[in-house]
Structures are given as structure tokens and as C-alpha cells.
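You will see two complexes here that share chain A, one where it goes with chain B and one where it goes with chain C.
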Partner chain A sequence: MLPNRSRLSVLVFLVPPLLLYGVAVLLPIIQSLVLSFFSWDGISAMQFVGVQNYVHMLTGDSVFWHSFLNALGYLVICLVLQLGGALVVASLLTSFRRGREVVKTLYLLPAVISTVAIAFLFQRIYSIDPVGLINQILAWLGLGGLERPWLSDIHTVLAAVSIPEGWRFTGLYMLIIYAALLAVPQELEEAARLDGASRWRIFTQIRFPYIRPVWTTTTIVAATYSLRGFDIPYLLTNGGPGQSSELLTTYMYKTAFTSTDYGYASTISVFIVVECLVAVGLILLMLRRKADA
Partner chain B sequence: MSSTGLAARYQSRTPASGRPRRRRRRPDLVQRLSSILVVAIVIVQVYPLVWLFLTSVRTEHDFTTGNAFALPSSITFGNYGRAFQVGNLGLNIVNSLIVTMGANILIVLLGMMAAYALQVLGFRLSRVVRGLFLIGIIVPVQIALVPLFIDYSSVNLLDTYPSMIIPLAGFALPMSVYLFSSFFEYIPRETYEAASLDGAGPYRIFGLITLPLSVNTVVTVVLVNSIFIWNDFIFANTFVLSDGLKTIPLGLQNYIGAMGKVDWTATFAAVCVTVTPLLLVFLVLNKAIIYGLESGATKG
Partner chain C sequence: MKKPIRTAAVAAGVALALALAGCSAGASSSGSGSISPSGKIVPRQISWLLSRPADGGVITVMKQIAADYAAKHPGFSLNLITTPDRPSYIQKYETLAAANKLPELFDTDATPFAQKLAKQGRMIDVAKLLKSYGLYNEYRPAALNYQRFDDGSLYMVPFEFQEEFFWYNKALFQKAGVSVPATLDDFPAMCTALRKAGITPIAIDGQDQWPLERYIAYQPFRVAGPSYVQTLKTGKAKFSDAPGQKAINWLSQLGSAKCFENGFSSVGYSDAQALFTSGKAAVYNIGTWELSSLATDKLDPSVRNDVDYFTLPTDANSATAANEFVSPSGIGMAVSSKTFDPLVRDFLKFALTRYPALIAATGALSPTSNVTTTIPAGATPLYAKAVAQADNLGTKLAMPWDTQLDPTTNTRLQQELTLLVQGNTTPAEFTSTMDDTLAQNAPKFFN
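And now, the complex of A and B:
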């Protein structure tokens, strides 16, 4: 603490940032909580309905549950691609002697591209008429029977909208894990290698335990980001066909700005927040417990 | 987790075995396989972007009739001309620049001020304030859409630059505060004490010591945030209605739908125009960006 500081000086530095943060983040959270107990279309008078929105959401709204399951599927696909892909590439990269920087940069490139551009790109990659990249590769491989319009087939659409999101940020998580792996002391690994430990064993018993704290943070970041995923499903399919790629976020958005049901939309967004908090809690619980075992 | 503990644990579990001979050759094979794998994954990461650029210089005829994924048979830049004619690309870029700059100024200045109050000045409730900032990292941005939409319409802020800048800066502020306060930790106490003894107050110390020392962190914060703000879709799509204020992501959307038949090659040319500035900045400054992303995520 500075010796010459005054209470006023603390306030001078603290109030402006808290003001912006309060208006943009904290106040809307409180407003959403309040709105979730009302029924309101934005024009007529607000009507207090108690927990009715929550009751309807949890017991009477099949679209909500469908979107919830879709969001979980979306989360799993994103996590596998982002964390799995990141861990594999980061581990392999540590044994490279040259080209590390190039790989890092190239791998991160998709994160720089806007989601609208990515949506255009994948719309073409998935399409069947004209033949898109995936269907073309399948044809070359002699798997023509698997060709399909990936975005309008209800069995593949969820995976099809999840993969671009996973693809986009793999490089980002790879960077973080790679930085953590570099910090693993070389002597430990060398000692293990001299003792004849296999690569797999070195990985599971030395490297991974060492990077576990970073892995935990990365998992939390990746999970909360996937749960708020919106742009790509909204742009690629807008939740369709039917509701087969509807996520909670897109459902919330439509409820708010297409059906102008602000109260119910707020209820859904409160649920999304709760869902994120639960996810963070579960991840901490799982990864901590393993660390203690 | 201490390294000695790990080593002890490792040694107690693994019986020493002496077979160094048989392992001589394996690492080479593994090494080669892993190189191939990494290269393959990198190709998957980069190919779509290469394709984007190739399509933007393809003739329309080549794109619709030929093999759209092979190398273009001839190169044309006519798509770029059409891209600028059809949309408002220039205007979109200006709007994106205004929003990105506005948000970045707020993020840097306010983030630095909050970090200064928390880390350097210090006060009793600083833990509570840190906790408040943590909320903004975990909570998804969608929660703010409906309330902000309502608030904006009651104070006539809908469809303005601030309607985008406020939430973009607000949700990026926590990470900026954390980055700055972890940097401020490294400024030695003695520097501040010496300045205080010389009679400098908190404002002068901020302006003459903290601010000039933080230039590197400022660059990092600006670069990392610019990527996300430049590409923001959700806030712009919710709060902006008039064509004159549309940022790049919204402008790009106009290429589809409005004309019925999609002019794909022109659309991809437009995509390339909008992606290129950020891509160049990224390629030139990727060291700083990579550093920022790494430290940002491990601190959060």
C-alpha cells in the first residue's frame, strides 16, 4: 500500500471502472434475475408471475429440455476437440526441435477469423448442392453412401454446428497447455526415461500431474465458453432444422427478440448462468479429487 | 505441487529396469509419426483459410461449374470490385475501427485504474472487488442482452456506437484488471516508496511510474481484446439496426440473403478484405498476442 494514499484517491481510481462494470455486467445480471419472475412483452405492463416461468421451463417446455441436451452435446464435442486436440498437439510439439513458433501461429489462425466468416466457410464445406468439401472427400474415398447435406440432416446437424466452434479455439488452448508443459522440469523426465519409463508413463505420471492446475483452469475456460456458444449455430442453422441444433443460447435469443417474451427469456438466461456455475463447480470437484487421490 | 514430491512418488512406483538398448530406435519412429500428425492437424486448421483466399480470386464460372476445392484455373480480382460495390465494406470497416478503438480505450484505461487501486493503493474491501470482477469472467454475455436492450431503449442508446462499446468493454474489463494487477505486482515496492518519500502523491505515481512502465501490458491487452471486439457479432446484431452503424460481421451478413442468389466469390472476397487487417497484425505481432493469451488464461 502506498503511504500517501487517501481514501479519495482510492475512490478516484476505483469508481470509474466499477461504474462501467456495474452498468454493463452487474446491473444486467440483477435485472435478469428480477425479470425472470415477470411476464413482459416489452410493451404492455409488466406482470409479476412468481416462479411460474421457472415451473414452466422445468416441467412444461419440451423445447427447453431439447435445447439443454443439445447444449450438452455441443459442450462435449467442443471439449473433446479443444482440450483433446490441444493436449495432443501441445505434447507432440514439446519434442519438436524446429518449427514450434510456426506451428503455434498457424494453429491459432482460426481464432482470428470472425464467426460470420467461419459460418460462410462451413456452410460451403458441409453443403451437398453444390458439392462441398466433406462430401467430395467422401466420394474420393469411395464412401459416397455417406454423402449427405450435413446441415439439414437432423442426425448430423448438431455435430456439424459444434465442430467449427471446436476447431476455432483449439489453437488457443493448445498455446496455454504448451506453455504449461514447457515448465515441467526436464530433470524429472530424464530421470524417468533413464529408469526405462515409457512415453505414456512419463506423460501420465509426471507431465500431466504437473500441469494439472493449468489443465483445470483451461477446462473451466473451455467449458464456460462452450456453454455460451451462440454465433456459429445461430448463423449456420438458426437452431434448425426443427429444433435439432437449438442450443439454450439460441433458444433464449429467439424467445427474447423474436417472440419478445422478455420475462421467459430472462428465466432461460438465469438458467444458463446457473449451468455455467454448476459446470465450474463440477470441474473443480472432479479435478481436485483426482489430484488428492 | 513440489517437484521433489513428484520425483519421490515416481521412484517409489517404478522399479528400475535396465533395457536401454531396445529403446534406441523407437523414439525416431515416434518422432516421425508425431511430426506427421502435427503437420496433418495444422493442415486441417489452415486449409479452410487458404481455400477462403483461393475462392476470392476464382472466376464465378470456375467456382460454380468446376471443382470448387481444386486450385483455381485462372485468377481474377473482379470479385473484390463487386464486393465493394454490393456492400458497404468501407463503412463497415470504419464502424468496426471506431468500436474497437472506443472499447479498447475504456478497457485499458479503466482496467489499469482498477488494478492500480487494487494492487498498488490497496484498501480493505479489495477482496470483495476482486470477487466481483471474477463474476464477469464466468458469467456468459447472453445474460446482459435483454436487460441492456431494455435499458438502452429507455435512455435512447439503442442503435448507437456506445450500445456496442459499453458491453464489449464491460465484459472484457475483468481480464484486463487481472492482467494489469499481475503486472503491477512485479513493479518493486521500493520504486513507489522512493517516489512517496520525494513527495509524489498517488496520482503522480500513477502518471509518472505505473503508466509508463505498463506499455508492454497495454499492447498485450489491446491486441487480445481487439481480436474479440473486431469480430463481435452478438452485441452488434442485438443493438444495431441501421445500416450506417453496422460493423464488419453484420456487413458480411448482408452479402447473404438480401440478394436471393448468393454471389459466393464476391462474398469470399469481402471476407478476405475484412480478415486481412487483423491477420496481418496477428502475423506481425503474434509473439505479443500469444504471450497475452497464455498469461490471460492461466491467471483467470
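And now, the complex of A and C:
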């Protein structure tokens, strides 16, 4: 039980950010929830349609399901690149004696470049006419048969729009994981090494369990960020060709601001909120079970 | 329809989403819709939300006109808020309409959404307005007709006049041993021959999607005239009808013949144009807004004298004439009835009276027929030829489908067209998908 003065201090410090959070985050979510039961084009009167938008979304909209599956694919690629890449680089960094700062800066650089610049950059990298970096390298290596328009091929476009997003934030997560790895007690590792433990065993038995709390937080942040991914796919392909790189977020945006179907767009946005909550729940569950095992 | 810059889209999206949170349902107009509001002219700032290039002729001329008007009416200013990228602009304008915050003047095509605004009395009747100024008959009929809704009503003022041609490279045609296609059905053979000669047949900006959507409009316009799209968009006609099937099969053939550059769906506006102006692609379908890039001595000397154009081909059974093709008057300017007052009326009269002569002096085609376009220094003979052609157009208009269809059907059509031409869907799958989409969405806008 806190003394009165402390309780007041807690209230003074907590209430303003909670209010701000309520107005900036919770209120729009509630508004979206309400709007999802209406049909509204923005300029005519709103019509209450009950759960019709939800029924259509779940049973009659093939683009929605296509976008949902794409969003899952996008999530997996981003997570592998961001967390896997970050873990590998951070682990290697700990064994560097010199040049750590340079490597850290280089890896962090994409996180501070504007999204639009990244989109233009990758548009050039993937291009086939004029020939871009990837196709040029393939030609130099004698792998001309693999040359393709990466952003126009329906089989490669999802990976092609996911890679820039993964690449962009690898450095950021690498820094977080690197900081966690530095906190692993050296004496533990040394003791294991003296006992003849391999590097892999040291990593799996000592390092990773030690950084698990940071890993969990980083996974949640990366997963929710990827599920809300929008800008790079929108700028690179606008969801195309067809719906091959359409994500739930880009589909929701088009439904609201191109089709002016604000009610249905709100239904999709409610789904995105639920999807993020479910993803976070699943991640927590999986990592807790592993920790308990 | 100009150079794409999607950069604003993301930032605008966030801002618009926040704005949307504050939107009130069922926004209604408080304007009377009268074209002769009573009262004194009280100078103030008026705004024009527009989607035109910041350094283009329309904005340059209107800035000059606004400065002249301000000199006579101290306190007046024209605030030009431009978003040249069309999809971003449409999102901005539709969200402002939803919030009932449209400024005095705003750009829009004659879309189903704009027609809803007009029906709600939120736009001034431009036919009446132009007649009250005595300017109505000065406009090219085609320029006004392009801006009309299906019921013939007119709520937008045109500021441009354009013709869309197939620009082609004579030397590349000669190298491949092909001649200008006599009919649309000759296109696949032309592409095959050009490909065999190692030439990209047609350069297209696939990233922005509207250029490919032009192609689906061509066959129906020649086979059935402008009526097909007018009935299609309401759901009374179908993609499975004969004109639609002709267009779909033709596009599939264009894809099979590899008519467009490799990876066309991710090629942007300037890259597509560069393919043609650098002599790599043989054909480029674009409007006269690019005259200053295509009919100029600044063009690469190795290409300059080989550039020519042909218009949309016809055949013996065409329902429309050779001098009838896509000749848009660009996005129009609507006048908000909510803020229409003596100042706006007076400024528009001042501006629209002076505008034609000033825009014609820049080398652009005026939407009126009472001025002569100045051929700029350094223009090739093609420039004058294109300008002269504007005076000999027929009465039927090939309307771009992106201004006709409801937005959801239009978005799906653009997506499916890319898949059809890339060979990722069959004509039958395309037809089925589009008819389903149309049946689901057209009634929301046209019933």
C-alpha cells in the first residue's frame, strides 16, 4: 500500500499519458469498431448494416483472404530477416575486437533513411529494364536465366517487398540484441568453455536463455510492426501485380480512401487490431512454454 | 494522370485517417447553389485544391491571373494547394468532402463520387455559370462534354484540352519491316515483328495503371461506341458481352505477343517515356501534354526526326470515326456551393475570360476555340500537326474508364488487367472476376 503522497504522485504521472493514450489509440479503435457496423461512403447518410461487413469480409471477399495470407508471408520474411539477421550480426559483433562502432553504424543506417528513398532505391535494384543491380549481378555470374522483373513476377513480388522492410530494421533490432548479449556474464561463458562446451551449446544453453526477455519484447515489437507494414509495399507495388503483394493494411487503405467504403475499411481495421493482439498472445505463449520447458 | 509521385500518399494517409476520425456523418451542404449570390465583393483569400503539376501551365497562368486580380482587389489572394499525384489527390479530396471541408474551388473528374456531390447540391452548376458569363459557347464542345455527367449536367470547368495518340518511331518500324497498324487487331502481329527485331514494341507506365486501362477502352469504343462503358458501369452491360470480350481477348493477345516492356507493371512514368525517347521502344501511347517532350528539337537527335504519331485505328465496322478517340479536357475544376459568394463569382469571371489567351500563349491547347495556340520555339513540325488536329475532332468521345467505373470495380479492373496481360489469368477468369465485382459494386453508385 502506497502512502497518500506517493499515490498522488503516481496518479499525477500516470493519468496524463493514459489520457493521451486513450484519445490517440483507444478512441480511434472504438470509433472503427462502431463504424464497422455501418455502410458509409463519407458523403451520404450512414446506414446501419449490423454484422454484414464482417460476414462479407470473412465469407465473401477473396481479396481479403488473399491479403491476409500475404500479410502472414510478409510477417514471416520480415521476422526471419529482422530477428534472425539481428541475432547473427549481434553475436558476431560480440566477437569483434575492432570496428564494432563502424559495423553498428552501417547496419543502423537503413533505419534512418526515409521510406520513400528506400522504395526508390529498391525499385532500381529490382528493375529489369533498365537493368537493376540484382539482374546485373546475376548476368555477371552467368545466371542470366534467373533474371526477372522481381516486382512484376507474382511469384517473387511478396518476398521482394518484404526484404526492404526486413533490411531496414535489422540494424535496430541488432543493437537491442547486442546490448542484451553484452549483459551475459562472461564468467558463465568462460566456465562453460572450460567444461568443453561448444560455441553452439554456449549460445543455446547460456546466451539465448539469458537474453530471452529481451528477445520476447523484440519479437513482439517486430511482429506487430510487420503486421502493420504498409509504406514500402504501397510505394513499391501498390499491392500488385493483381493482389500478389496486397497486405491487409494496403487493402484497408484502398477500401477507405479509394473505394470510399469507410464502414468496410473499419471492419478490416478491427480485424488488424485483433490479429495483432492474437499474434502477441501467441508469441508470449510460445516463448513462455519454451522457457518453462 | 501526370508524373507519378506517390510520396505524399503515406503521410497523407495518416493525416487523412486522423481527419476521418473527426468526420461527421452525412455531411450536408449549406450553400444555396445560386449562381448569382447577392452582396458586395469582399476581398479575402480563396483556395483551390488541385491536382496539376506545380510548374505546369495551368498553375503558372492562374497565379498570374490571381496577381492581376489582387492588384485591383487588395486583400485578395488565391491559395493553390496542389497534389499532382492523382491517387493521393483523390484520397485527399474525398476525405475533405466527407468532412464537409472542401475549399472554394477543387479539382475532380466526372466520377460517380463527384456526381453524388453534385446531387447533394454541393457544387455550382457550371453550365449556368458559364452561360451567365457569356463564355459557354467559347468552349470546345468536346472539352465540355468530357466534363459532363451521364445525364448531360455540367459541374466542372475544363482548363485543358488534350488528344491522346500512339507515338511511334518510324526507323524502328522500318527495321522490323512493319507499318502503322491499320486496325487494332493488327497490334499483336506488329508486336511480334518488333520483338523479333529485338525492339520493345510498346512502352507503358504500368506502375500507375491508368495507361494500361486506356487499352481496354479502345476496342469497345470502336466496336460499340461510347455507350458500352456507360451501360457497363451501371451493371446493365457485362464484361462477358461482345464488346467486352473483344477487348479482353485483344489484351490477352497483346500480352502473348509481349507487346509491353519486360516487367512493365513496375515501370514508372518517366522510365516508360525514356524507353521511347531513347529509341528502345517503338510505340508510346500518351497525350499532347507531352508535346513539349516529344515534338521538340531537345529530343535525342538520333530519334527526333523518326518520331511520328497515329491515332486510334478503325476498321470497316467501326461504330466511331477515325477522328474520334481519347481527347480529354483533363481534370475539371468544381466550384463549392457552400462558399460561393460575389467574390468567387467575380474572380472566376475575371479568370475564365483571360485564361484562354494566356494558356494558348504557353503552347498548350486551350479548352476554348477562340484562341490560337502559339507553337513554341524549338518545336518540330509534329507539334503544329497535333495542334491543328484538335480542330478536326468528331463528336463522340472515348472516355477513360477510370473516370467512369465505380472506384472499387475500377481498382479491381486495374489489378486484373495487369494479370491478364502478364498471362497470370485467362480471359475467362478475368471476365468472371470482373463481372462479379461489377455486380457487387455498381449498384452502390448507380442505383
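In this text, the second predicted complex is superposed on the first by the 270 of 293 C-alpha atoms of A that agree within 3 Å, B and C clash if a C-alpha of one lies under 4 Å from a C-alpha of the other, contacts with A are read in each partner's own complex, and residues count from 1 in each chain.
The rule is simple: contacts are C-beta pairs under 8 Å (C-beta built on N, C-alpha and C of every residue); 3 or more make two chains touch, one makes a residue touch a chain.
Since this is a predicted model, take the numbers as computed values, not measurements.
Looking at the shared chain after the overlay, A:P130 reaches both chain B and chain C. When both complexes are overlaid on chain A, the residue A:L79 reaches neither chain B nor chain C. When the two structures are aligned on the shared chain, A:A159 is found in touch with neither chain B nor chain C.
Judged by the touch definition given at the top, the superposed model places A:S44 against chain C, while chain B stays out of reach.
In the superposition on chain A, A:A139 makes contact with neither chain B nor chain C. More residues of chain A are touched by B (comparison of chain B with chain C).
By the touch criterion stated above, A:T115 is placed in contact with chain B and with chain C alike. In the superposed model, A:T105 lies in contact with chain B only, and not with chain C.
By the touch criterion defined above, A:K254 reaches chain C but does not reach chain B. Once the two complexes are laid over each other on the shared chain, residue contacts for A:L69 go to neither chain B nor chain C.
In the superposition on chain A, the residues of chain A contacting both chain B and chain C are 27-28, 31, 42, 115-116, 130, 230-231, 235, 253, 256-257, 262.
The part of chain C that touches chain A in the complex is made up of residues 6-7, 9-10, 13, 16-17, 20-21, 23, 25-27, 87, 90-91, 94-95, 97-98, 113, 116-117, 120, 200, 206-207, 209, 261-268, 271, 275, 406-408, 411-412, 415-416, 418-419, 422, 424-425, 441, 444.
Listed in rising order, the residues of chain A touching chain C in the complex are 27-28, 31, 40-46, 63, 115-116, 123, 126-130, 148-149, 151-154, 230-231, 234-243, 253-262.
Contacts from chain A toward chain B in the complex involve residues 1-7, 9-10, 12-14, 16-18, 20-21, 23-29, 31-32, 35, 42, 85, 88-89, 92-93, 95-96, 103-117, 120-122, 124-125, 130-131, 133, 136, 167, 170-173, 175-176, 179-180, 185, 188, 191-192, 194-197, 199, 201, 205-206, 209-210, 212-214, 217-218, 221, 224, 227-228, 230-231, 235, 249, 252-253, 256-257, 262, 265-266, 269-270, 272-273, 276-277, 280. Every residue of chain B that touches chain A in the complex is listed here, in rising order: 1, 3, 6-7, 9-11, 13-14, 16-20, 23, 30-31, 34-35, 37-38, 41-42, 44-46, 48-49, 51-52, 64, 67-69, 106, 110-111, 113-114, 116-118, 120-123, 129, 132-133, 135-136, 138-151, 166-167, 169-171, 173-174, 177, 192-193, 196, 200-203, 205-206, 227, 230-231, 233-234, 238, 248-250, 252-253, 256, 264, 267-268, 271, 274-275, 278-279, 282-283, 286, 289-290, 293-294, 297-298, 300.
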